[in-house]
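Naming follows writing order (A, B, C and D), and every chain is counted from residue 1.
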Amino acid sequence: MADFEPKIIAFVCNWCTYAGADLTGTSRIKYASNVRVVRLPCTGRIDFMLLMKAFGRGADGVIVSGCHPNDCHYTSGNFHARRRWIVFRSLIDFMGIDVRRVHFAWVSAAEGAKWADLVNRVVSEVRALGPYEGYKRLAPVRADWRTRDAG
Amino acid sequence: MQDNMRRKAKELLSGGAVRVVIGYGEGSGGGVRALFVRKPEDADRLIYDERCVQNLAVYLTRREVKALGKPAIVARVPVMRTIRQLMIEKQAAEGDLAVIGVSSDGSLLDFPDLKSMAEYVSSIPFELSSDERAAVGKLEKMTAGERWDWWRGQFSRCIKCYACRQSCPLCYCERCTVECNQPQWISVPSHGLGNLEWHVMRAMHLAGRCVNCGDCSRACPVNIPLNLLTQKIIKDISEEFGDTEEYALNTFKPDDKEDFIR
Amino acid sequence: MGKNEYKPYLMRIAEITEETPDVNTFRLEFTNEEEAGGFSFNAGQFGEYSVFGEGESTFCIASSPTRKGYIECTFRRAGRVTKALAAREVGDTIGFRGPYGNVFPIGDWKGKSLLFVSGGIALPPLRCVIWNALDLREDFKDITIVYGARSVQDLVYKKELEEWRAKPDITLITTVDPGGETPEWKGEIGFVPTVLEKAAPASADTIALLCGPPIMIKLTLPVLSALGFSPGNIFTTLENRMKCGIGKCGRCNVGKYFVCKDGPVFTFAQVDELPAEY
Amino acid sequence: MEKMTIQAGAIEELFGRIRSGGRRILAPVDKSGAIVFDEISSYGQVASGYIQTTLSAKEAVLPRFEEILRFRSEGKGVVFEEESNKALPTVVFGLRPCDARSLSVVSAVFERDYPDPFVRSKIENTVLIGVSCAQSDEYCFCTSVGGGPGDTTGSDLLLTRIDDAVFLAEIITEKGESIVSMAQELFARAGDVDKNSHCAKVSRYFDLEELGKRLPAMFDSPVWDGQSLRCLGCGTCSFVCPSCTCFDIQDETDGPRGIRLRCWDSCGFAQFTLHTSGHNPREVQGKRWRQRIMHKFSYQPGGLGEAGCVGCGRCSRACPVDMNLLQHIQEILEAD
């Protein structure tokens, strides 16, 4: 799959990372266009089911990013999120889901360059991993019925 | 001890302190089953031995049982721990129920109120047994690919009967996320995707709350070792966050450590 | 492989009428001509309406078999499928499979009077009979319609209500719950049971059709029997959760009946026999 | 019905013939202690030493999920694609006589009024090789609902173990005949064999007609709430049951493409009869437990002419809180 372009979904917090991504644009910094950004008020609001739904709908990689600790517009949203990601990342790794496709980051509103670098790095890593075929074939609508993988 | 338990049950019922005693009675197939004693003279059907393992706290939040009036409940350590968690989550308050406690060495415990029961059970260290730790460790040593195949094999037997959810005392939501269809978070049919999404969500929604009573695995008709998931989370939480008065994911420490957020 | 009953007809939305802020009426035409030709139904039957990718929802066919070439359905935006339906535009394709269920025995009512009593969004299951009766007007003596809703805005088929009011050979009584009226409202003000009691239509040689929310049915039945209607002469359609519509998936099993297959049309004599599980 | 015998050692060869004849074989396999039907290639994989499988053979004709429609949206229109839900030629080996009988209950539901092409094609493409029960336990009550440990109803070929080396093989239908003719030399004519002496003894605990007559009047009896206090409302009893056929229909999409799936559902779940308006005719567990008994022992015998239960005892064995169906039926019959 030489020309495979991964589909990356980024769940970002509105106050820091989204603003950072905006800054990336206004500073004319080019970065991979594979990412589709979903804006949420805070990382505290990014439910782990959103990540599951992203993979369930065919994403190859997921980025979750928000304010650095102590920068949170809602004071403690990112602290709660951090605990959730520590538990969630370990759980899905324990269940064999490929955690190399799930990237967590803190990107502030001033770190436009960091956002571009983050996206480029994740896209290249996931491109190397190839499409998340194992996960996509779990759903019967995508299962290739000859291999009858959806069972 | 069984006779003391029966005497205690009779006292509570005839004194009018409670309207029903939830305990264990003889069942079929040489097993035991939950027993709802409402008349003092029926208390003699209450039994207690090593077969009595079901977490009876599951009945505390069921509307049909609540309709019977204030209950007393026969509670081993995991059941007491469940009641403490239900209190933290505002599902049970002082005076809602009486506890006929049974210590880990099988002696009867009497608590004046729920607060003292909660303190008693908090004093008992909450950790995985060596076998449980070994079972989790065995999976941790596998590669991610091997774990994926192993769990796919286990979940391929899942028929989404939700016995794991219905038998869990901490799965008391009126309408579970699985039953929401706007949006349809979890695919309803028991195919590869639906099963994986369901078991990830169930484990995560019990993170920091599960008391490791094992009823989910016991209830599973196709023997999927479900409590491995919640045990893995219990192990992670104690290693990462140490003991917390409140449950782990409801609070935080500013200096929680992690090595994967860039 | 035999006929796949779950494969719906593909229907084009020809017309959308917004009855109330959350109730729409769709006029559906067959995209395939032979299917249109081969299709027939009777008043009282229902169908499963599909939004592909969202699911199916169960409503009655609100139009009459006497009006060819299209079918109509009226639904409230309430769940996943109905919300998806409400988002559709004229020209879109949805699915319809049916007709399912039994029928109002209109043929047996020749020469009798008809009394329609309905509330809120329960007028559609009766409208198919009303249209049918109007198209065969001379078959029936007098026709009385008592229809009420929470407020003026909640009345469905507003345009038609005016048409029916203008017809000399129909007695139309519309009402809104107390407090639901607007300054220019000319109809009655009060709950359907009380308005029906005041109107006191004759019960001799008359068939009553009653559809509405459970509370309205509970309060209207005594009024009807006081007026001399026997349970065998009061017809209704039962409302159950349905998925397959063909008596297999088990949801609408009440007693020995499957409401989708043996109903939805029942007389209250039959309803009284049913276990109280609907 | 022809009575033959076949050596236990020859079954491996029979399997080989069946598979090379293009039929897959589903048989009971032990997976982490749960005995479930799965595709096998050799007789050695077949589980043994169990009384009844955990899940039933119903899956061969009514899978836990299957595709009933495949579609694609194009602009404002929709195009149907050919369903890929084709029945595979199958032999189900090792199901008990009660399971074989239950498939006629399943087929009766799906043949009535609107014949279901998916279930029908799977039944047509499936051959049932039953194995009589040598043992039974306190949960079995097949003889009370018209069956028996050696009952041939529903099976195409029924094996009964006579001793360690030999099976009695009763050919019941042409399908059974077609299997035997694949390996005629492996079968020998059986002398007179007293089959019942090799089958388990299952006593009759109650009379089915009596139960059917009693139930209608018990609709409002307090027995339902009393029995179902400990019931947790999961779907285990319905999903392990060989004759439960209730299902749900769900759509799933991937961009413009989508499929409509039929999957198992249970009257034990709270949402089974929940209306969008919030009204639920069966809002407490007692009413759902009542529906399970009424449907199988009163409504279905009335509607289909046969009970919706074959007495296999799976629901009682699998129930996490020991809802023992046989015991509860006996309680119902004793309740005045």
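Everything below uses one rule, namely that a residue touches a chain if its C-beta (ideal position, glycine included) is under 8 Å from a C-beta of that chain, and two chains touch if they have at least 3 such contacts.
No experiment lies behind these values; they were computed from the predicted model shown.
Farthest from chain A in terms of Cα centroid separation is C. Taking the mean of each chain's C-alpha atoms as its centre, the chain lying closest to the overall protein C-alpha centroid is D. Chain geometry summary: the mean Cα position of chain A and that of chain B are 33 Å apart. Per-chain CA centroids place chain A at a distance of 44 Å from chain D. Taking each chain's centre as the mean of its C-alpha atoms, chain B lies 48 Å from chain C. In chain B, 184, 187, 189, 191 are the positions where the chain touches two or more neighbouring chains simultaneously.
Each of residues 139-140 in chain A touches at least two other chains. Residue positions of chain D with contacts to 2 or more other chains are 65, 248, 250, 252-253, 258, 261.
The touch graph of the protein chains shown belongs to none of the named shapes.
Under the contact rule defined at the top, the touching pairs of chains are A-B, A-D, B-C, B-D, C-D. The part of chain C that touches chain D in the complex is made up of residues 1-7, 10, 31, 52-56, 78-79, 82, 91-93, 95, 214, 239-241, 243-244, 246-251, 253-256, 261, 275, 277-278. The touching residues of chain D, when paired with chain A in their complex, are 65, 67, 84, 252-254, 257-259, 261.
Across the interface of their complex, chain D is touched by residues 57-58, 139-142, 145 of chain A. Listed in rising order, the residues of chain D touching chain C in the complex are 68-69, 71, 73, 76-78, 80, 83, 109-110, 112-118, 120-121, 219, 245-253, 258, 260, 262, 265, 267, 272-277, 279, 281-282, 287, 291, 295, 298-299, 302-303. Interface of chain D with chain B (complex): residues 31-34, 36, 54-55, 64-65, 137-139, 225, 228-230, 232-236, 238-240, 248, 250, 252, 261, 263-264, 266, 269, 271, 284-286, 316-318, 320-322, 324, 327.
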